[in-house]
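Following this line, the structures themselves.
Each of the next two complexes has chain A plus one more chain, namely chain B in the first and chain C in the second.
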Partner chain A sequence: MNESSRLWKDMLGRTLYRVVALATLAFVLAPLVVVVWASFFSNKILSFPPQGYTIDWFIRAWQQDVFRQGFLLSLQLGVMATLWSLLLGVPAALALARYSFPGREAINAILMAPMMVPGIVAGAAVYIFFIEVEIRTEIPLVGSLPGLSIAHILIGLPWTVRLVTASMVGVDRQIEEAALSLGANPLVTFFKVTLPLVRPGIVAGAMFSFIVSFIDLEKSLFLVGPGRVTLPIAIVNYLEWNLDSTIAAVATMQILVIAAALLVSDRYFKLSRSF
Partner chain B sequence: MALSHGGRSSDTARAAPLLTAAVLLVIVFLFLPLAIMFRFSLNKFVPGQFMVEALVLENYQKFISDEFYRGVLYTTIRVALVSTILSLIFGFPLAYMIARARSARTKNIMILLVVIPLLMGNAVRTAGWMVLLGDRGVVNMLLQMVSLTTEPIKILYTETAVLIGIVAVLLPYMIITLYSIIEGIDRVYEEAASSLGARPSEVMRLVIVPMAMPGVYVGSAICFILAMNAYATPVLIGGPEFHMMGPKVYEQITKVSNWPFGSALAFVLTAVTAVLTILSSITVQRRYGRM
Partner chain C sequence: MSAINFNSVSKAYGDVQVVKDLDLTIHDGELLALLGPSGCGKTTTLRMLAGFVDVTSGQIFFGERDVTRLPSYRRNTGMVFQGYALFPHMSVAQNVAFGLERRGVARAEVQARVREALAMVHMGEFGDRLPRQLSGGQQQRIALARAMVIRPDVLLLDEPLSALDAKLRLDVRKEIRKLQQEQKVTTLFVTHDQDEALTMADRLVVMNRGRVEQIGTPEDVYESPQTRFVADFLGRSNFLAGDVTEAGVFTARDGTRLAFRSGWQAPNTKALLAFRPEKVTISPNGSAGEAANALSGHIVDTLYSGSSTEVSVRLASGETIIVTRQNSEARRGDLTPGHAVTITWPSEATVVVSDTSE
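And now, the complex of A and B:
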């Protein structure tokens, strides 16, 4: 093989590599871009190309009970899951990062389990468990707010534990010891010294808990009930029978909520640097 | 880790109250339900009577002997395998491009562009694919514009469409895993190889790919597990005629209310996924050494 055909082949290879890489990026982004775009079409029946643009679909989506209630329910569950998984997860992360005790690895594995067990399997198990509890205690759980909340705390917890533990490992213990030796009590030390130091981890944990709760499909699927359907489940149920710009508008609303969560947390920690 | 304060016993005493609530939550609301579901998979289902207490393997036998459900499992494995391989092939070049991006800014933006679709959720992305692949969708419009076809081609509700949807779900996981490994490979290896006369394709094949094998394995395992358990994509993009295990678990437990069989399906799915993942790990480690 002569030199010029070799160079030619190398150049072709390099171009092919770039084209494949950029096409893959476009492929990953395509469904999001298209769904946002389609939510503004003025076409009566969703088709391409658009005949004009309108924001009517957003108004229509908001007027439908299932979407408005779903949106509010998912927000509520997301906030609840975030607060509870911080309340339970931050102390647990503190224990895992700070103390060395027998069974530490096993406890870490237990706390990570909700992230590892596939959603559809875990959802089925929790559903069966809730109905068994309902039969014995007559406390309604499936289709109730407490039932959904428990599942959503479980979804958020491993993210909080993982991200807060990671940020605590990097904190120098001596700073806390200095505060303690200067007379601050342990509680003051925790709130004035430890907490600010691990804030990026807490913000990251809170953001991920909120997002994974807000977008959850598989676990919620089993636990929603009449009049209490989360936004992603409402989208999936609607898509089984219809495909129009209303649903594109609902999907865009979900995208906006997540984007807002990302923007709010961006001040405290950089998403792109956490991978 | 931090052992400056006393010994192990005082550490245990301090850690215990901090951990109790979180650990109890997971045990009561995840492990206990899974144990109950496993027990129920050994019960009998009598139509009209719901579930009858028993200790039989009937449900697992029914799964193995039923041609339909065996077929569902084969489809699930096939789709999971093919989509994992496709994610690997298409994810690698982008992961490499991100890892070797010259400016930190470009790198950060590309990572965000890959991760953001993941955070937007499957429901939204599935809606996007339905708009793209439908009869009046973007893809069919483009095909008609360039006169490749006059009638819309049926893409939605085919296995190809399901593969497209699942690969799009898997790619961010694969790319991020590969990226973090490639990032750690020192550029001097590539430079040494090229200065010794290796061509770019040889540098890739003989230097980068072998060194990135741990990432290839971890990324593939994550993707395979996710694909085996897919729900929204097969239901919506595959349509009612396309069957995978995840949707069948949901159907049996909530719609048919056959808990014993639904539970058995869930455990067959989990067991098959675990066995295949572990088997492939052993094979890969035999070939490429321990990771």
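And now, the complex of A and C:
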């Protein structure tokens, strides 16, 4: 093979690589771009091409109770799921990463289970469980905020456990031992040494719990009650009878919230690599 | 500063005895090296001293203080780890200050002592750096400063040089030894590198299978090993089977009477005669001269290794003796395999060891 044909093949390879990469990126981004774009169309019915642009749909969406309350409820659930899954998940991850004890693998599997079981199945199971509890104790869980919260904690928990465990594995046990030998008791060692080192994992875990809770549809489907509907469910309900850009505006807001969460966690993940 | 005492300390994990009935004293201000193959219990011993591993039975004393049940953070030990173990999110100065802050030392004094400790390891300029901005050797110096600044009762060095490259290892070795002697800090040094143990230690302990094989100055242990294991593990040794027939006389299998300096002397017992390859001289057959111990045989193999040549000599008894010849010797002599030779070595370089450990 001569020099120029090899060069030509190199060029072709590199161009092909770029084309495939860009095509993949376009494939992933196109639906998002279209949704955001469509949320500004002035067309009465969601259609193409746009006849003009407006921000009315955002105002209309906010004026509709289901969306405003759905957004606030999803936000509230997301925050709640995040906090509780941190509270339960961080200590669990520390124990799983640091100690070996009987049943360790089983506990790990149970904590990961909500990620493995299809959401609709898990949602149905939680629903049936709540009904059984309600029958026996008369505590109303189905359709209540605590009931919904419990389900959302289950959605977030595997993410915090997995991500914090992963960052714990990267922490050299010797570093904690160094702190102990220098006179730091276990509590001080945890707060001064371990926690700063796993913070990127905790932040990422928190962000992911929030996001998966915020966008969850299947698990919540059985558990919402009258007047208490999460944003994804509100969207589905609305879509059943309407087709206008309100839905695009709502989705745009959802995308914004998630993008913000992702950007924050990405920043921390990059920080963690520079250690 | 204080002496450290292990009082019949044992450690078992389930049925596995890792350390058995250890009695050991580290004298005030000395550097004691723990040497042994992996799994011999040396690291467990160090970790029991640090408080990272509970003892199964026995006691550990820092001077008069019984620390056996004290957690590591109340023992006042300074530890240097193999992997440096600096806090990656803190500056060099914060790393060194960590132990002082835990002790509630006033801020002004903390700063003064951190400065002093960094100057001590020639890292005075690096206080504001993060550990990852330093080389391995520099990181280990910071780790040393961090461990020594708290004025520990005992300094624990856990293979501190093994992550460094060969040249740097020699430098840091000298530096640790110099600081340890200047500060007169009682030190336990765990290593599997016999060179390190021989050059740095005031006394060294050879451990095997959870037991102490021998304790002594490096010279003592090297020149007068008491067991086959020690003679073989520390440096190399030639062994001849035979019996001690009377005090100071060893009779080899072929009946040759050989003299030895010290060792296990109970008469009429099976024993091994041990001597170092570098103590043996090779000469043409029949020219033994006045040497105390002489045996004849023939050369089977030679191995050139730069500064020296290793010669294998098969004796009439069938046993093989290794001889190390310095290549600086002007007359190389005939080392052709098959050549008949006489090997001689002085009785002062000969000991008798027990054969129990193998």
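Things worth noting here:
By definition in this document, the second predicted complex is superposed on the first by the 242 of 275 C-alpha atoms of A that agree within 3 Å, B and C clash if a C-alpha of one lies under 4 Å from a C-alpha of the other, contacts with A are read in each partner's own complex, and residues count from 1 in each chain.
By definition in this document, a contact is a pair of C-beta atoms (placed from the backbone, for glycine too) under 8 Å apart; a residue touches a chain by one contact, two chains touch by 3 or more.
Being a predicted model, the structure only gives us computed values, none of them experimental.
Aligning the two structures on chain A places chain B and chain C side by side, free of any clash. Note on chain A: of its two partners chain C and chain B, the one contacting more of its residues is B. Look at A:Phe214: by the touch rule set out above, it reaches chain B but stays clear of chain C.
Of the two partner chains placed by the overlay, neither chain B nor chain C lies in contact with A:Asp56. By the touch criterion defined above, A:Asp10 reaches chain B but does not reach chain C. When the two complexes are overlaid on their common chain A, residue A:Ile175 makes contact with chain C while staying clear of chain B. In the overlay built on the shared chain, the residue A:Pro196 is in contact with chain C alone; chain B does not reach it.
By the touch criterion defined above, A:Ala184 reaches chain C but does not reach chain B. Touch criterion met: A:Ile247 reaches chain B, while chain C stays clear of it.
Nowhere in the superposition do the C-alpha atoms of chain B and chain C come closer than 5 Å. Contacts of chain A with chain B, set against its contacts with chain C after fitting on chain A, overlap at residues 177, 275. Of all residues in chain C, those touching chain A in their complex are 50-52, 71-79, 81-83, 85-89, 98-99, 102-103, 132, 143, 146-147, 150, 156.
Contacts from chain B toward chain A in the complex involve residues 1-4, 8, 11-12, 14-19, 21-23, 25-27, 29-34, 36-37, 40, 90-91, 93-94, 96-97, 107-117, 119-132, 134, 136-138, 141, 168, 171-172, 175-176, 179-180, 199-201, 225, 228-229, 231-232, 235-236, 246, 249-250, 253-254, 259, 262-263, 266, 269-270, 273. Every residue of chain A that touches chain B in the complex is listed here, in rising order: 6, 9-10, 13-14, 17-18, 20-22, 24-25, 27-35, 38, 45-49, 88-89, 91-92, 94-102, 104, 107, 110-111, 113-114, 117-129, 132, 150-151, 153-154, 157, 161, 169, 173, 177, 211, 214-215, 217-218, 221-222, 231-233, 235-236, 239-240, 243, 247-248, 251, 254-255, 258, 262, 270-273, 275. Only residues 172, 174-175, 177-186, 188-189, 192-193, 196-197, 275 of chain A touch chain C when the two sit together in their complex.
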